[in-house]
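Should a chain be cited, it is by its letter among A, B, C, D, E and F, assigned in written order, with residues numbered from 1 in that chain.
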């Protein structure tokens, strides 16, 4: 046996031990990273799941004309201004009679959400014939009650430490015994805009706002991004000062903190051009500038992955540069470009900081109807709710996060599928 | 015109690259030895004083003069970096696509100056097709690959005509039998040699007059190489073929004339038989016999 | 490998080139055979014009030799042949030398035939000469046959037959010697006959050489300068 | 016609001009053998050429008009209001113009408006509709005229393809230049406001001051009325949180990437990689929420159980979560650079008898080092610029400390705090945000440029 | 042992791939023709009944038997996909690094079973070096490239010894003269041929007994190729060399024995001279002479 | 290309192989020269033992021919030579055939020398034979010299000299004829002398062939079967 063999043999044990250790570090890193992910997701889901149901209380409301102050033939305007509040109060009083204490009275009214009277309003305006009848209506319970029923308020705590007092508990037990309390799927969350009252707060306006914002972003950044990438990758002269400058700029912009884009939007779009604040248009513009580099870089990578032999082949047959690029290179790069675009859109969808700068942080109840009307977006909504102290808002924040993540995951999934599907052609 | 250029005396002191360093050689290149010129009638391409410069002052080709005959296979050989590929790419102006590449001199295809302002490089490339080192079928169906050129240049008035062109081109490229049942399957699914023949079919489809081939078999195994070589010989009947190859054996096998390039100079251009049995220039002899330094 | 490679090259042109070399060889063989036949005919039938024709026709064979050599060199340079192809080319290169020499000998016989056309008879020599030349002719045509069909068996037969030719030549020589001793006037003629017999014998030798090349070509074994039993052993035994 | 209407009409016109352009070219062509003809380009290019003539001038005019319309109309309106308003300060005049525009957009309020404003508003409305009509007519006329001019260019000899291609290329150059415009926009907007800030607060105070308290007093006689703008505590805070984040992300990310690309079985890779990508796809606001509501309390209670005093908004919580956020960023960048190392290099090392870890440590990492350094710098840049996590999980108190258990604030937190809510654009407080933005931009710019340079050099090595 | 394996009669009907489709050939492969076995003393490698399977049931190598002699250059040739590279990679267990690859049979290096449990692949690869198709110097200095192996295996006790090993290895690889003034400059800065010689020097540095080369010149031009071939001939004095090449001419030039593989079978293994002048098997003859179908 | 390629191949081994082929050729040439010298010496000095030695030594030359042929075939198969290298190998292949034939002729001369050792004198023929053999010896040694030095000038000289040998052979034949007529007892001896002269003449022919190959090797032009003036024109004029 040669000396080499002997020398090598002498070191082998140590080398294999090192190998094992190194391997373990790698595995541990992955495990740890994924553990974080699991903790994060379980935490959010655990917190957010309850928000998809809400507690309702059944009231028997007498819709008599005098109480409401209107008759069946009242104009819609009159119907709208009618006094539904009293009707709700009355029905509560009937359910739980004998409440006299001022504090308790206030608490009694607070059993149901402020939305109860609007629920009645909608019913009556839909069908004025209801006036004069007594209707059994499920109305939203107050957020504290909701939280209680989801088991997040501990009855065993001293009274002073909990938001629901003993007398309220008595009422609730009574109502529950009568079968007047039930938990239903929380449609409000998806059909309403923001609200100061957690039980009435929904994400619809934010969703629509996000949709408009993304629409603007996509319709600007995709064509511009692809055109820019095409130019830089296929047409631009090499070693040209301006082209290098553009390249450096794009690469740099991709890594500039998003908040700086917010500053740009604030200073240029709002102050200089005087465009309306809080509008999806501005949000979209800012996000366009922000996602453009991502799309350009992804598109360029996709273009670059198309082998040069394809270009040479087409040129060699007598296709012009432009024909080559548009007929041969671009279609091949499209899956990559689309993947990049979807990922860019996903980033844009999750982006918060620059939108704070341009005032999309406003409290918006109404669903925006155009790209210029004031609106907010989903992540900003999350940010706003996360700041609210109510326990019920925490729930809804998590729920909103779940909705947001669902969107993001599905977008990423589409991107992955797209990539998988078309990668095979190479 | 022959007399005018024959007395050109570009005497250049040539450094032959050795694999290690550089060693000065005493051989000089003064004009081109052999038979670089043909009768005016026979010449398809006519190249005089072709010089190519890369970005800056780097000169890649020095005063190359040659005629390329109708229906001949002319092979260009020489060590790496000798400029054979660069020269080939002058002929359909593919060098235009390279940044900073400048070509001077007179190159005529059937008497027309290809560098003329009126001459559109795109049209030129339809007349002078090119086949590349790596088979590069487009990731489309076999049919669409071949139909690409005719569509591009509007050569077929209708579908039937296009079908006809595709079939003829594939047949000429010796591929029709093998693929006729799967014209709609992707061209990238073929084997390497078939892909290269597909690329040849694609080039033929626009009925070029000249086909340039840049090491068309260097990515293929010996079997596929043999098939392509055989095909080239058959194509000679209809096209003029210029082929760059790093395998001198290949040049020996398939060409009628062989051009030996050395450091940007065309050292010798002669009948292939002469080049391989009795080369006239010492540099050619050294290269052919494997005396590299 | 039992037989010569009969499948085709991928390169049709290569096939064609090899085929051409072979067919040129066979053409040359045919030409040589005609020369030999004519020379013998001129000799035996005292046809001086035929003899003259033979002696003037040699240049054709010579130029064929040069052309075939060149063709083979070109194929080697261009095709880098190996194995059976290479053996074929080397065989051709070797064989044509012998064929050319056969041609030379035929030319000589032709020249002597012209000279001897005047002589009334060769006496008893005529039949011996006829015998020898018949033998040589057969040998040559068998050789060319073996070459064309790459027939090892036949080639070996030819190699064997060469000994007979040599023996016949010896007997002719002895007869001539006797004849010269008998009558000095016969000396000139006898000498001419000797030269002719010598040439015919040499043709036999060349045929033997060619057949040895055929064996080499087919079997890949060089059997020159080996005795016959050994050849048989080498080729068939192993 | 409304904007949408004009655009739709243009699209219809474009389709029409394409059709006739193409048709015309075919009519002019003389057929040659084998289906070809004598046209320079394919017929569709002649169509596109006509479209370009029809659309581009019209579109340019349209965009120009639309941009200039509003400022021009406003200024003309302002020149029509009575002289006594003309002398007012710029702010007040802008207030007035806003009120008038408000009236214009809400005509139902016209009835109750100040007659003076009402007149102006009505005047404005008239001018606006007039302008609209002129615009519409002009754009459509240009489009039609363009179509005719374009048609005149349809001749067999016209190099339609070349011309169309030139137009396409110019459009592409325009798109590519947007990147420059964006950078310029950032630089100028941030610089401009920063200069105004430094006009009020000396740059040295800003850069070297150690006390940050931007709240300007409500009353002039309050102490520290001008606020103090020493940014050092912010820088320290930013660096502290970033350092914590990188301390977590770099080793974890790098080792994960190494394991995934060199050791992991295809199955593990198939699951672990997308899982890591999910981590990367989670919006920062979610991390912020997680940090503020889950991690921070957890750290606080853990710290307390060890008897340490931990701030409820500790740097550690923010840094930790930020680290988690950056792990996939780091790992995917490292993965890229590790995969860029050619397989031949690995084969070479294995062929010498190296173990996997030796190959990784002695061949792959050194080969990928520039790329990894680049990834590190990009991660650092990302950490420094990260906003939402720190806004939600770090404090507002500008403490100068390197104790990770205390609350610190960062540059981005301060920008958000200063710029959300009501702002006056002239106050030092608001402008300070831009100064902070400038420093943030400059720092990340330097990091990015250096990192990208390194990465690019690295890539070139293996391309 | 020779007797035991000689009468093996794996008679396989072989489909020869034609470039077009597949055509049935009548030639059978029954054992290996030629001289696959050497005297026990001379054999460095001893391979019996080697089979290689890729993931699933795909078999790449069928019952290969061969001996490889001390200080000989053995060349392996055959059409693409014939298994020559796969077989080569069995010999230093590089196939272990490929997912799902399984090797059966008896491979012995100096009598030791390389698949033995006691046998360590790391140690094996130190004894059986490998040079690859593409020159793959590590992105380190020339010195560090060569010193990589010795450092890895702790072959040098101190710096002076290491210097010595590096110089000797570079000298043997014919590179020392060319690089001695720039040992600290990166190995990737050399030319292709020099890089490949650097890789050879790197392999030599751990004093292996056998060097496997997998198409070591396929990425190089003729000049660099000639230099490497020359080097291989010189190295034969100290090492046993197995080389896979797709160029039969190269095999002809540099090897003492040549093995012809066909569709996973070792068809013929014989003296190179015999293979190229008088091959024994029809398949070998066809391949050597360019009769591919 | 004015001269033969003297630079080295990149492959030392290739150089070595070619060198070996050439040196084997020269060795064979030397051997043949010795044989011829010895045969002539045996003939002229009536040394029967030397004659015997010559006739037994031919097998050496024969086996050398086979070995060189094989070596050349191997080089062609393994190296794919082109240009001058290829011409060298083809030349060697051709030249050794001629050398072998020269050896054969020498053997014959040796055999006749043994037979003739008994004869007292060849009469006046002795000096003619000495003259002829001197000429042939010179021619052979010049040929080998031209081959070794690839000297075209000298090769052309040899080609030219062949005519003289032929003339001398003719004169010897005439003398022998006269001698036989004079005294029939001389016939046997004279015939033997004729055979020897004939062999010597053939050696001259083979030398001429070899020199023609040398010209082909150096100049790349085949000058066989061309007359001398034309050769001069082809080689030097153009």
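Criterion: contacts are C-beta pairs under 8 Å (C-beta built on N, C-alpha and C of every residue); 3 or more make two chains touch, one makes a residue touch a chain.
Keep in mind that this is a model prediction, so the values were computed, not measured.
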### Task
Show which chains lie in contact with chain C and also with chain E.
B, F
### Task
Figure out the least number of contact steps between chain B and chain F, where 1 means they touch directly.
1
### Query
Comparing centres built from CA atoms, which chain ends up most distant from chain E?
A
### Query
So, what's the distance in Å between the C-alpha centres of chain D and chain A?
20
#### Entry: Geometric centre distance via CA averages, chain F-chain D, whole Å
93
### Query
Between chain B and chain E, what's the gap in Å when you average each chain's C-alpha atoms?
35
### Query
For chain A, what residues touch not just one other chain but two or more?
8, 15, 320-321, 323
### Query
So which bits of chain B are touching at least two other chains?
122, 152-153, 223, 226-227, 248-249, 252, 276-277, 290, 292-293
### Message
Where in chain D do residues touch at least two different other chains?
### Response
161-162, 353, 355, 358
### Query
Quick one: which chain pairs are touching?
A-B, A-D, A-E, B-C, B-D, B-E, B-F, C-E, C-F, D-E, E-F
### Query
Once bound in the complex, which stretches of chain C touch chain E?
1, 5, 7-11, 14, 80-87, 220-221
### Query
In the complex formed with chain A, which residues of chain E make contact?
120, 122-123, 126-127, 153-155, 206-209
### Task
In the complex, go through chain D and note every residue touching chain B.
31, 34-37, 39-40, 42-43, 159, 161-162
#### Entry: Touch list for chain F against partner chain E, complex
9-14, 73-74, 77-80
### Message
Touching residues of chain B toward chain C in the complex: what are they?
### Response
223, 226-227, 229-230, 233, 249, 252-253, 272-273, 276-277
